[in-house]
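The structure appears below as structure tokens.
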Amino acid sequence: MVPTVPPAVSPHRRPPRGTVRAYFRNIRLALSTAFDGMSVTMSYMFRRPLTIQYPDKIDKPVQEMLPESYRGVLEVDMDRCTVCLQCQKICPLGCINIESCKNPETGNREVTKFDIDIGLCMYCGLCAETCNFDALDHTREFEATVTTPDQMILHFVEKPREVTKLKAAEMPVRKHKGSILQKMIPAFGRRHPQEVWTPTAYAAAPVPALKAPTATPKPAAPVASAAPSAADSPTPEQAP
Amino acid sequence: MNIMHYLADLLVRSLFKADPATWPYTWIAYAVVIGVGALLAFAFVAIFAGPVTWIERRIAGRIQSRIGPNRNGPQGCLQWLADGIKCWLKEDLVPATADKPLYLAAPYLVFTGMFGAFVVLPFGAHVIAADLNVGLLYILAVTSLVVVGLLMAGWGSNSKWALFGGVRSAAQLVSYEVPSAFSLMAVVLMAGTLSTQGIVGAQGGWPWQWFVFRNPFLFAAFIMYFISAIAEGNRTPFDLPEAESEIIAGYNIEYSGMRFLFFLFAEWANMWIMAAVATLAFLGGWQIPGISPERIAEAKGWTFVGWQALSFAIFVFKGTCLVFTIIQIRWTLPRLRVDQLMITCWKYLVPLSMGSATGVLLLMALVREGGIVDWVMRGAMLLVGLLVAGAYIRKVRATFMADRDNYKKMEGRDLWYPPYRLP
Amino acid sequence: MHFEYSVVLIYLTVSAVIVGLALWLGRFLRPNLPDPQKAQIYECGERPIGSAWFNFNPRFYLIALVFIVFDAEIALTFPVATVARGWIARSDGTGWVAVVEILLFFVILLAALAYVWGKGELDWSRELTSPEEMP
Amino acid sequence: MTESEICDRLKAALPDAVEEFESQLLDPAIRVKPARLVEACRFLRDDPSTRMHYLRLVTGVDRLPAGETPGRIEMVYHLWSYEKRHGIVLRVHLDRDNPVADTVCGVWPVANWGEREAFDLLGVTFTGHPDLKRIMMPVDWVGHPLRKDYQRPDRYHGLPTNRTAVLEQGRVQVATAEHVAKAEPVSGYMQLNMGPHHPATHGVINFLIETDGEVLRRAIPDVGYLHRGIEKISEMVGYLGTMPYTDRVDYLGAMFTNHGWALAVEKLCNIEVPRRAEFCRVIASELNRIASHQIATGALAMDLGAFTPFLHWIREREKINDIMERICGARLTYNYMRFGGVSRDIDQVTIDEIRRWLDHYEPMMLEFDRLISGNEIFIRRLANVAVIDPDDAIAYGLVGPNLRGSGLAWDVRRDEPYSIYNEFEWDVITGTGVHGVVGDAFDRYDCRLREIRESVRILRQACERIPEGEVRTKTARIKPAANEVYTRVEGPRGECGFFVVSDGTDKPYRSRFRTGSFTAMTIIEHLSPGLMIADLVALIGSLDVLAPEIDR
């Protein structure tokens, strides 16, 4: 099949026929507009650059430059979580995975798993919006680089823990945003080896009640090992 | 007297206690000295072309409100070395379907064509490898090798984008040789010689003695030479052979590692050659204001060396200013289309440059050199040059000031970016 | 003079040697891991369609011819231009011979350029070759 | 004319064509017989009382058999008349097992790609279509993904198609698909691929170009490299869950896709939007429009070889991004709109910041003009290149600045008003042919640049007049009754339409996003003959096509 050859040139595509005046006008315009443009670029030789030299040559960490409303990596304050499952339901991607059961000994409801897959998360903020207890929220953290995909699943529950029965007003104060996350992703800790990154707000915040990551979980425990230990020795056996 | 010739003779006389005119092995000594000279020239090319890549990126950064490379070495000044070493360590890929001999030989031709031009560039009063009596013609001839190299690269790669690049570069370089030759012809008419040292010698150290300010035709010839030199060096707005947004990278698209580097090397060194030829032909070359070439030649010992160094510095300074302008043009202007490129050359530059050569010829025949008309012309052209520079500075300042207050309001800090506190 | 031209020869040789040496030394430094995908040519990430060695109309055949004429003329005019200054300086009228000669050259060239221009050959032809005419 | 009058007109002219007038729908539709579709279309286009020259949307809906009713595939054609300012929806019901319809490519060339998409994703065959082949999916894909009973294969050429499998498998060794020629080779012309990895194609789009030297014989666009099936995803994640996905449809103008989707669902569910929320929407949208036009104009300059203007615009855009970050928490994927309002209020500090930025920005635009818009080389590269006359622009479904560049003053904000745009004082920008003829590439560029100024005007007024109040009405669970709706907003790439079919559940039954880039792509093949390679780059840049918006 040989399609018909289209008309070669539409009439208005030819450059306009030059008269003598147009000829010299072209020269004048080409030189003067180039001159004008060069005066603009030259003036930039004296202006300040806008580059933020992330990550090291900056006055303060980028996290502090971000507005409060920034949607960074998600974190959960388990002290405030009532396991209402609203976030899990609303997440369009299903990156939140919550499991809970009734403890046969005490009869209390226990949450056994609260995983957020930040590799799947698209940071839309619907879950944080739907959380009535201010437990799940976006932080200003964005450096969540890990070495294997499975480390991207953040485990907010290490051991089965009791679900709070308090009303929203009685609940403990929300831990400072990001303080929980800082302890979770090993890459976060490695980011500033000289502890440059210690904003006063974080120091003032109450110490998180999370278990220290050094506590070795029982091998048979149903809960997966904490993320830090998985990162220290990222062998397939240990990876959850 | 050529400085290399003199040194070689000196070597033969002092080391071998022989008369260079009769000693049978003089040619070996000559070859060694010239070889060393060539290596020195290469060193100049390398330490010019290399840092210029870094300088260009820093300038581009500033123009674009960025910083540019500032990590390797103080202010990133070793960036070019890092890039070079990296390219050296890269795998050398040859497309399976390429025409191997053409593909492999292309960098040699490009580099040789570029490097050959350095033979006749007068860096200083006596700092020149060989003062050929056909100097300018030689430059025009030897740089044509680059075209052959680019065409070979484009064709030999067997890649369609590379082919476009090669064909474009052939069309462009070939076309723009005509206006640049005519512009230089105006200079040759004025100087009465083709030798580069002779052309420099026909001018003087002061701006009113430079060819560019001699008469309006030479002024126009300078601008036209500059434009066609940019085109011959494949720089924006004439960088069609390597237009990255149209034909991706053009002729060098299939090259990698060191072979690729030699193309870039040649491009940046070519920029220097263009600037150097413009300097020697129009801007008085290495001439030191107030010091006549005879006085330099008569000087002895360290005074002689000092004059050489000064003239070298003046030449390099003038050339670098032009290089800076070329870089700034690159980051200011968009690119022409192929047909517009050809029209610019054949309809604008060729007739106008011929006109300027004719005008120079007629003025030479009609106006007595050193006469009152000559001096009036020189003064007027100098005034024009100063006015252009003044208008430029005023415009730059106005642009800067227009934005200053608003910027302060927005950012709450100063707009000024002092060069002594680089980020 | 021999010295001057031997400089040219040696410079050209040295530059070729530098390229060769750099490439040869690089052989000991760079990896060599051939791969059929690497050996493919680049066509924007898609598989290349056929070979690039192709007959097509680069559309500057006439311009190239004009260039050759001009270039030859330039090569012939340069020597005249070189001596013109000396002749004019002689002030016995020989200068005008040179001036007229060069002007004559230029006029012929300009006439040729004007002719080609008027014929529209300097415009980039956008006419497509019809498929039947193609080889 | 109202829809029923149009239906009467059609009935009078072609009595046996009309099957039913579906007036219960939000956009009343005429059901016509498949066999008489083309005739009806031609009549509606050419009749002096209707004159529907613009095919807004062509898409299909798969209806599964339920109870008594047999399954069917409905083709939906949204028509619009710029002249008479009325529109109508045509529908045809096709046999689900063997859906065949006549093509309307002959009536509106823009139908070409829409029908190809219906063929690809729903399996509808169009008789007489010039180039009926898959458009989004690979040529060797099996099945039609938008069919309701479609089963996704686990693997495609050895690549797992779900994430869990990827995680389990680890690094995947990809078996490359066999190369399939994109077009029949024509002897004598050089064929080469421009894209997907080409700096000027603005994302991963492929053009198969046939050239004779530098001059193009034609350029055939091929898309689908960025197809993520967002419309299919929306059928699974529900109305609110689709909102973040609309960000990904048009990443430079996410606010507009957000807005369009919100409008669609609000219309389906009859949700009121508080006044302050409307102002928030307008402020956020116009900021986003400036940002998007900056990318468009800057990238066009970059395609023509001037890199600096692009980065100057990027610098200004960074400040918009900073403001956006304050407003909604993200710099690109805003997810700002909600059904019945917006997710966050814009506080006074942010509004002051916007004002200060506008003060700073206006002189910057002059500087940009000096740097590039007035540059003679730049003008010569764009003027008189790829001229689109208004008839072509309408027939090929160009919208937004591309349409206005051809001289047609049509802006959805003014002419089919939504939100509160008609309260502000601003002008619709049209191409004037400053440096060439009306409708050339420079006009399209110029339109965008002048539209930025109009957005600045709107922003100033909106910042001045923003009232106090709530920004979000409390909404019950989103569960609209079975209906269909088509809403449109004026995005930076033109009309951004959302066609939503609801079936009474909390998830859309079918959604189709009508984007400006998708329809703009069809005209490239039409315009390409006789262009040079460099002109093609300018054409793509001046149309401002965006790969994710094409592929969705």
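Going in written order, the chains are labelled A, B, C and D, and every chain counts its residues from 1.
The rule we apply is simple: a contact is a pair of C-beta atoms (placed from the backbone, for glycine too) under 8 Å apart; a residue touches a chain by one contact, two chains touch by 3 or more.
Note that the structure is predicted; figures quoted are calculated from it, not measured.
For the pairs C-D and B-D, the larger set of C-beta contacts lies at B-D.
Chain D has the C-alpha centroid lying closest to the overall centroid of all protein C-alpha atoms shown. Between subunit A and subunit C, the centres computed from C-alpha atoms are 56 Å apart. Between the Cα centres of subunit B and subunit D there is a gap of 49 Å. Centroid to centroid, with C-alpha atoms defining each point, subunit B and subunit C lie 18 Å apart. Residue positions 43-44, 48, 52, 54, 58, 123-124, 126, 128, 131 of subunit C each touch two or more of the other chains. In subunit B, the positions touching at least two other chains are 63-66, 160-161, 167, 248, 331-333, 338-339, 343, 347, 399, 403, 407. In subunit A, the residues that reach two or more other chains under the touch definition are 2, 5, 8-9, 13, 15, 26, 34, 36-37, 39-41, 50.
By the touch criterion given at the top, residues 163, 167, 184, 186, 217-218, 233, 237-238, 240-245, 247, 308, 315, 318, 325-330, 333, 335, 343-344, 367, 370-372, 374-377, 384-385, 387, 436-437, 529-530 of subunit D touch subunit A in their complex.
Across the complex, subunit B is touched by residues 190, 192, 198-200, 213-214, 301-308, 311-312, 315, 319, 356-357, 359-360, 363-364, 366-367, 370-372, 375, 377-378, 380-381, 532-535, 537 of subunit D. By the touch criterion stated above, subunit A contacts subunit D in their complex at residues 1-3, 5-10, 12-13, 15, 26, 29-30, 33-34, 36-37, 39-41, 50, 66-67, 69-71, 90-93, 120, 122-126, 129, 138, 149-150. Those residues of subunit D whose C-beta lies close enough to touch subunit C in the complex are 179, 181, 185-198, 206, 211-215, 217, 529-530, 532. Those residues of subunit C lying in contact with subunit B across their complex are 1, 3-8, 10-12, 14-16, 18-20, 22-23, 26-27, 29-33, 36, 38-44, 48, 51-54, 58, 60, 63-64, 66-67, 70-71, 74-75, 77-78, 81-86, 88, 95-96, 99, 102-103, 106, 109-110, 113, 117, 122-124.
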